[in-house]
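Presented sequentially are two complexes of chain A, the first with chain B as partner and the second with chain C.
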Partner chain A sequence: MKRLPLAILFFLVPSWIFAQDDLMNLLDQNDPKEINFTTATFKSTRILNGHSIEKMAPGQLDFRISHRFGRINSGAYNFYGLDQSNVHFSLEYGILKWLMVGIGRGTYEKTFDGSAKFTVLRQSTGARIMPISLSIFSSVALKTLKPNDPTITNYFSSRLSYVGQALIARKINQSFSIQISPTYVHRNLVATELDPNDLLSIGAGGRMKLSKRVSLNAEYYYLANPKTYLSQKVYNPLSVGFDIETGGHVFQLFFTNSLAMIEKGFIGETTGTWTKADIHFGFNISRVFNLKKHKKPEIL
Partner chain B sequence: MKRLAFISILSFLFFAGNAQKYMTKNGFIGFFSHTSMEDIKAENNQVAGVLDISTGEMVFQTLIKSFHFDRALMEEHFNENYMESDKFPKASFKGKITNLSSVNFSKNGTYEVTVDGDLTIHDATNKISTKGSIEVVTGGINANSKFNIVPEDYKISIPGVVRDKIDKSLGVIVTMKYTPLEKK
Partner chain C sequence: MKRIIIFLGTITLALTMFVSCYYDNEEALYPSFNTTCDTTNVTFSVTIVSVLNNNCYSCHSNATATSTGSNIPLENYADVVTMSARIIGSVKHIGSFSPMPKNGGKLKACSINQLDIWIRNGMLNN
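And now, the complex of A and B:
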């Protein structure tokens, strides 16, 4: 009978000590198996020049102002390119969870553009494991620059060009993301017979977070078409710069050898090269507005 | 033989404790910040909680990513820059009703209670003590509370440029609708 108190202790002590842990375990057991989607693979809808897999969420409007200045090697007289400015404005809006549409206007060849980006796969862990994110980007650009050869008939269709892109990205860890972007560009009218209407390119880009709000980004597009016989010498665009995030804004400051801010331009018509310091300073500013109605919660 | 009977009674008592437990998987926690520059609020309807009415112990647990904001960008910043949700995915609370005797769980009604416990957010734990109410209703128990927390107490760093946009002390609202936990 002497051992009885010991037995009581044996039963009660654990229940006192572990009571709360038991409650916690209860919660853990009941943890729903959820799909944990990877977020913020990139800070912005652009890596630098080209699109990233990111989109605006439904009801969010992204107003973007992008600039590319002149070439740095144009000398002090042109204030190293800053005297000359190319601009591209765009409005991009998330309609559905998987769909964003946008319109834009750029100085480069006085071009209007319309685009759509679709989410196909989202990187996730947990209940469903998906190693990559995949978005499809497609756009149409309308060049409105007056034709320089007045002797030929200019159809409306000859002003158009098209882009199709598969954007495949993986956020490898908290600070490092990469993306591969196979790209197809079709130009209805090209300058000479030497220039192909169809361009094939593969882009590669990545970002490395330097701090919670700053990341180092780089992006390169390899043009697969032979460049030997083109009417003008073109180079593959390479861009290197920073994303700086401040609340509702994302600033992207970078250097690039391309002047255009649409795929058709920077993939097929980049005439500058890093080796000769034909480098442009550029920036993108993104300001996000929330157009979704605020629903008043019952309690707050 | 006597001893065995005793032990089995004891263990029965021990396990019978389960019947005293109430649970919810979709409790509500919301927080808000009000400054002259910006109003911020987030809501989470996926809070799991257990209340043991025999001891007054209560625990909550939720995924940080279950907090939703009106603005998608704000939600992204909340998870990426402030809460570091991939590193510290959960927030939890372990506490106890200190004046359990003032609640009559067998009679419907609202009872004022004080809860003391440890709140863990962003891997930092602080003791909190708050007033709340326990509402005994037919078929369940509701618990409500409202308190304030200071982000810096939980090692959540807020940069100078946005400090003025976020309240020094955030209001938190907890609303739980518990139902008896069925034995498995």
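And now, the complex of A and C:
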């Protein structure tokens, strides 16, 4: 009885050798039974201001430095806004194939933030056809700017705000991708009774490749809450700019009417408008470090 | 299995964060904001200096102005008088004035009113 498996093995060996050839052939023919995941829907984890569906692969750390300068209409004396700068630093790390976490600190209201991005669906062809990619993004921001009046009790809860986003994207062809991002923002403390604590917004963004290394990006967030009674006049943020990829770095250079680099700020607190040239020049620099040296990086 | 545990763990964590949601606004949370806007007794030494102190001196004090405040100090009475038109334009976020404060947000309406009143009353050094 014991010899039987051995015998089978012997018979199988030659067929394996042939089978290997077959497999190679099949690979060449691009076997329709395999799932072909769509990669590089966007070049980096941000479209411009807001998040894209892209994540870091497991073991990869993304160090981002972002700047938004002052308003372009502030004149030549202020070098068209470049004298004043707002910074946001962040570290984002891919833990699992479907999970990325990040921490950051920004000048805008001296805010610390923590975030997580989950992959739910990945656009694919072949054995499984999935027309879209879907990621869920969630973040908590802690404002540490001292209140105007130092005598009041500054509650910890008052300084928190939350963001939940569903990021739905489709890479239509090699050079064109679009994304829709329904967004929910909750602010624990607002200025007046008429200001909403909950903000609902829908974002739309896209990328068009101009060359192998350069792409044109645009992004717009529509704030669904009525803006009539807010204590501060706010506008919908619109950003237009370029992605420039140089080996290992992604530079994003763009113009936007929002100053903040976190969702709570640019969706709910954009006070500038394009029509009055309240435009900020901004850039994001992304540098990816591979912390898992022994494994080949997996492109997601 | 591991994947499910991590997923549920993260969801739970996210939910606990949302449970601690508050629906506060400054008017309700700090009733003093509405009642104590003193617009009759506005003086430079008390009212205006405290507004400037709370909002401007982190960049525009005599010590910091050259490095962070575009060389516009606002500590001395004479400096404030010289800059008054630009201060008002900036805090009200009017037209081509550089909007202030720089880290987002606007001053409380009460503080802006007090600055307005002090200027309208002739910018007395009282």
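Keep this in mind: the second predicted complex is superposed on the first by the 259 of 300 C-alpha atoms of A that agree within 3 Å, B and C clash if a C-alpha of one lies under 4 Å from a C-alpha of the other, contacts with A are read in each partner's own complex, and residues count from 1 in each chain.
Here, a contact is a pair of C-beta atoms (placed from the backbone, for glycine too) under 8 Å apart; a residue touches a chain by one contact, two chains touch by 3 or more.
None of these values were measured; they are calculated from a predicted model.
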First (chain B), second (chain C), both or neither: which does A:275 touch? neither
Which of the two partners, first being chain B and second being chain C, lies in contact with A:78: first, second, both, or neither? second
Once the structures are superposed on A, label A:36 by its partner contacts, choosing first (chain B), second (chain C), both or neither. first
After the superposition on A, what does A:228 contact: first (chain B), second (chain C), both or neither? neither
Output check: A:60 vs chain B and chain C. Expected answer is one of first, second, both, neither. What do you get? first
Sort out for me which residues of chain A touch chain B in the complex. 3-4, 7-8, 11-12, 15, 19-20, 23-24, 26-28, 30-32, 34, 36, 39-40, 56-57, 59-60, 94, 174, 212-213, 245-248, 288, 290, 292, 294-295, 297, 299-300
Touching chain C in the complex: which residues of chain A? 70-71, 73-75, 78, 83-84, 86, 96, 99, 107-110, 116, 118, 138, 140, 145, 148-150, 152, 155, 157-158, 160, 162, 186, 188-193, 195, 197, 231-232, 259-260, 265, 269, 271
Please give the residue numbers of chain C that touch chain A in the complex, ascending. 3, 6-7, 10, 14, 17-18, 20-30, 32-33, 54-55, 70, 93, 96, 98-99, 102-109, 111
Residue numbers of chain B touching chain A in their complex, please. 3, 6-7, 10-11, 14, 17, 21, 23, 25, 28, 30, 32, 41, 43, 46, 48-50, 52, 55, 57-59, 61, 63, 65, 70-73, 76-77, 79-81, 86-87, 92, 94, 159, 161-162, 165, 173, 175, 181
